[in-house]
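Take a look at these structures.
Two complexes are shown next, each including chain A; its partner changes from chain B in the first to chain C in the second.
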Partner chain A sequence: MGIQFKEVSFQYPGWGKQFFEALKDISLTINDKDEFIALVGETGSGKSTLAQHMNALIFPTSGTVEINGVPITAKRNKKIKYNSIRQQIGLVFQFPEYQLFEETVEKDIMFGPKNFRVPEEEAREMAKKALNMVGLSDKYLTRNPFNLSGGEKKRVSIAGILAMNPKILILDEPTSGLDPAGKKLLMNLFKSIQKETGKTIIIITHDMDLVYEYTNRVLVLNEGMLEFDGTPDYLFHRHDIDKWHLDYPATISVLRAINDKFHYNLDIYQKTIDAAVSTIAKAVQS
Partner chain B sequence: MSYIDIQNINFAYHPKRPILQNLSLSIDKGQWIAILGHNGSGKSTLAKAIIGLLEPDFGTIDIDGMTLSPTTVYEIRKKIGIVFQNPDNQFVGVTVRDDIAFGMENLGVPQAEMLEKIDFYAEKVGMKAFLDKEPAELSGGQKQRVAIAGILAMQMDAIIFDEATSMLDPTARRELMDYIRELHNEGLTIIMITHDIEEALWAQRLVIIKDGTVFRQGTREELLKEPVTFIEAGLELPVGLQISNALKQMNALSLELEEHLWESSLKK
Partner chain C sequence: MKNVIIGQYIPGSSFFYHIDPRTKIIAVVVLMVATFLLETIWQVLIGFGIALILIIAGRVPIRKIVKGLKPLYVLLLFTLVFQIAFNRVGTIVLDATMQISPFSILFMIAATIIWRLLASFKKFSLLLFFAYLVGLFFIMKNLAFSPLWTTWQLTIYDQGLIMSGFVIIRLLIIITLSTVLTLTTKPTELTQGLESLLRPLKAIGLNSEDFALIISISLRYIPTILDEANKIMNAQASRGADFAEGRLKDKVVQVISLLVPMFIIAFKRSEELADAMESRNFVPGKPRTRIHDLKFNYRDLITTVITVLCLAGSILVKVL
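Up next is the complex of A and B:
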């Protein structure tokens, strides 16, 4: 089970008879367990379009997306319950905090499960559990979401998706607009949710530092094509990633510049600042 | 006298939770300053106060010799423009052309002059080929540039960028920063509101905001020498300097390496 893309292409209608091909012949498999995936590429490379295929929000122009065994093709099938797919694959849009609308946090988080016909009491339980998962205490249940800080709002809106207990959670630029502390908090939260529940998490991001430190698989899109599917380590060992408009993580860039300038031979592939520091310290002290 | 002179402003939505507290700040004409602070520090509220989108509970803001008040606010908005974080929140026109025209229409600029200016400033921000495009056909970076063209067309003195690059991809972000540098070189006063230290280091002067007031200010070199200032304000230093400081504490930092890490971190 999970998500399989089989030769998927997607076209947006453009001017006149022209079409814009947002995805070109994509084939890939995503497991519904134990993956932490980064989806990267420049603006317009097709990241969000690919993500929207993963929960049948849009349909391929050609090819098949198989979601937990259900084939999604260009042709809509009345027998397929698309809503149940959207419950299994949770998609969190960029700036989900703008979509909060209920008067209490509890009601906001319960909205999703209730929409999928979960009984009131059960939905209430799910809301509480989801809220705790994003690191907020029960005290928040009665708060008005509009009086929360930006980071808290973001967490409440993520809890709203988690409450539907999706197998796979997709987040579109979850850390954009957050300060360094907020970023770290959120990424550590995803890491612990991933570890505790085994859910697959997919984040769309431009931040290569986060990609390198947290994820275990990277998908690189460029002009609608899947150009790379592998570990972050493998990706950043390559010397040609700028052709996909990607930067290197800051640790790698800083260590590489030190090697170049001082003719050291440091292992530049360090995922954290602490690791980079001890690498340099060891070299200096020996 | 400074171009912008903020004296002891205070602002609160709820009396018990002040957002700006006795904040004073002066900004000279032609300066490029970065106002840094973590989420919730009050920096965006300050930006809104400067252009009169919200009125301080007390304290005064003088801009170009005029005291900001309900009667002067429209005059002041002809001098200072703002570019917001989310480009979609500020695109008001149906097309790029309409959007650039919007501010000038409000000012009552004659039609012929307006058309000329639209062409000139669209060209200047590299958007002339897009004049008939709709917002849905533009990228985030392109929408930001349209917003800048609209501000330039009104011949303003200063532009506030309120986390304007935070939704852009790295390429678009670099392009916008390069472009802001050009505007600064042409004499515009630039005020960047950000929590990204890398971005703030492009500015001549940094002002760190914490708990709704000015916590520290100075040149980037002055402030970076006290890393604890940034940590206390909930900010991070550039990765190169974090590494430099950590090595220093371990007595594992040579002078050459320190120099190299500083130089490469400050180069913009």
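Up next is the complex of A and C:
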């Protein structure tokens, strides 16, 4: 099952008869198992619009999005329960301020499950589990979500979606505004969630280091068009990615610079800093 | 929610757009007063004619003005019905016996269904409604058959018709005037004009500059807040909050889930705005300059002359 985009286009209404074409003729397939996808592209390239199509928050202007077998087209169909789609595909928005509203963290996380008619006790259990999954201890359950730090808020908002037990988890810039340690913690968290539960995770990000180190598939959007769909290895082996306004990961840039400057022949495609350091160390020693 | 346009201003470059907002505001107020001085239906008809000529001369799209009347349809209709039903002055125009029987009720239900079915033709909704009313009248008058349940008398006096025409046309003039003002004046110009006009009130403690600042900041933030509300709605919808359907009990929680983030974000925004203004040395109540200074020109003179003529005319017909 999963999500299939079939020639999907989307236009934002503008003034008068003008439209802003946010997505142009996009076709792609996302499995609901074992994928860790990065959605990249410059600001305004249509990433968030694409993500909002994946759980039927907005409908395509033309084409079809098939979510777990349910076709979503331009016209609202009264027979389709859009709500249950949103339970299967969890979308975490960029700013936790947009969703936190309850007095305690526990109640806030329970909001999702309760909307899907999960009984009170079970929802409480799910909230606890989801909170532990994002690496926060039980003592956070009774805290006020507005008194948490930025990173903690973010994790609570992710727990709020995880508690609904979605098959696919989409995160809109989950690492923006976090310090490097917080970034690493979150990314490791997503990786472990993905490994343990086998859920597909999609992250929207601008951080190529994270893309290279963690994900196993990259979707590149540029001006509303899907320009690339493949592994990060394949993407960063290309030499023309700056035409999509993308950077290379720091490891590749640094190793390439060393190769150029000192005429080494190092393997520049190292995913982590540690691997890059040991490559350099080997070269220096020999 | 993206389609909401703040204010009714439509860009243009006709005569009305180049009049100083202060002149426009005062002229509209004076013309409204003049309208209320008129006493007979012929006078308001002439007034309405003048208003129409002004609109056409100013190239204001009439379609937009009709759109502006929409929220007032109900009010206009009520005026019409009440005047016709309760005004008992003058000669009788119509005196009909209305009959109600099982048959006529059936016919009336059928007429209602047909009317609702045709309601998809939005363009003719008003026309359809009148056709529906006439249909009801016809059914009650002629299609009763037996057995009769009750009958009642519908009597319409000519003064009732005239008075309802008078009241409706007067309302139309006033609405048209204010719509022309809002259609051709930017919200910012409007507040600037108001500020300038309210300045004498400083003597009694009302600081018009603060007042204008509050209005312009609120206007500026309406689209932002709408955008934010949209994002919050999406965020909560992706947690299963179903704003379209759902039980009443759930609805309450869902509304709270919108309002709390809304308030928090609005407060945060206003604090940030205050800081940003202060860091650029904004001090409340200090005199400041503007990019666009209001200036009078020959158009304001023409407007003033026409306005004064209208007022003088209506005073004249009242006194004579």
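List of remarks:
Keep in mind that, in the parts below, the second predicted complex is superposed on the first by the 284 of 286 C-alpha atoms of A that agree within 3 Å, B and C clash if a C-alpha of one lies under 4 Å from a C-alpha of the other, contacts with A are read in each partner's own complex, and residues count from 1 in each chain.
Just so we're on the same page, a contact is a pair of C-beta atoms (placed from the backbone, for glycine too) under 8 Å apart; a residue touches a chain by one contact, two chains touch by 3 or more.
Source: prediction; values computed, not measured.
On the superposed chain A, the positions of chain B and chain C overlap enough to count as a clash. In the superposed pair of complexes, A:Gln52 makes contact with chain C only, with no contact to chain B.
Look at A:Gly224: by the touch rule set out above, it reaches neither chain B nor chain C. Contacts of A:Phe116 after superposition: chain C is touched, whereas chain B is not reached. Of the two partner chains, chain C is the only one touched by A:Gln87; chain B is not. For chain A, the partner with contacts to more residues, out of chain B and chain C, is B. Residue contacts after overlaying the shared chain place A:Gly63 against neither chain B nor chain C.
In the superposition on chain A, A:Val284 makes contact with chain B only, while chain C stays out of contact range.
When the two complexes are superposed via chain A, 111-119 is the only one of 57-65, 111-119 or 219-227 in chain B with C-alpha atoms clashing against chain C.
The residues of chain A shared by its contacts with chain B and with chain C are 95. Residue ranges of chain A in contact with chain B, taken from their complex: 42-44, 94-95, 149-151, 173, 176-182, 206, 209, 245, 247, 250-251, 254, 257-258, 261-262, 273-274, 276-277, 280-281, 284-285. Of all residues in chain A, those touching chain C in their complex are 12-13, 52, 55, 57, 83, 86-87, 90-91, 93, 95, 97-102, 111-112, 115-116, 146, 160-161, 164.
Within the complex formed with chain A, the chain B residues making contact are 38-40, 85-86, 139-141, 163, 166-172, 195, 234-236, 238-240, 242-243, 246-247, 250, 252-254, 256-257, 260-261, 264. Within the complex formed with chain A, the residues of chain C that make contact are 2-3, 228, 231-232, 234-242, 250, 253, 256-257, 259-261, 264-265, 268.
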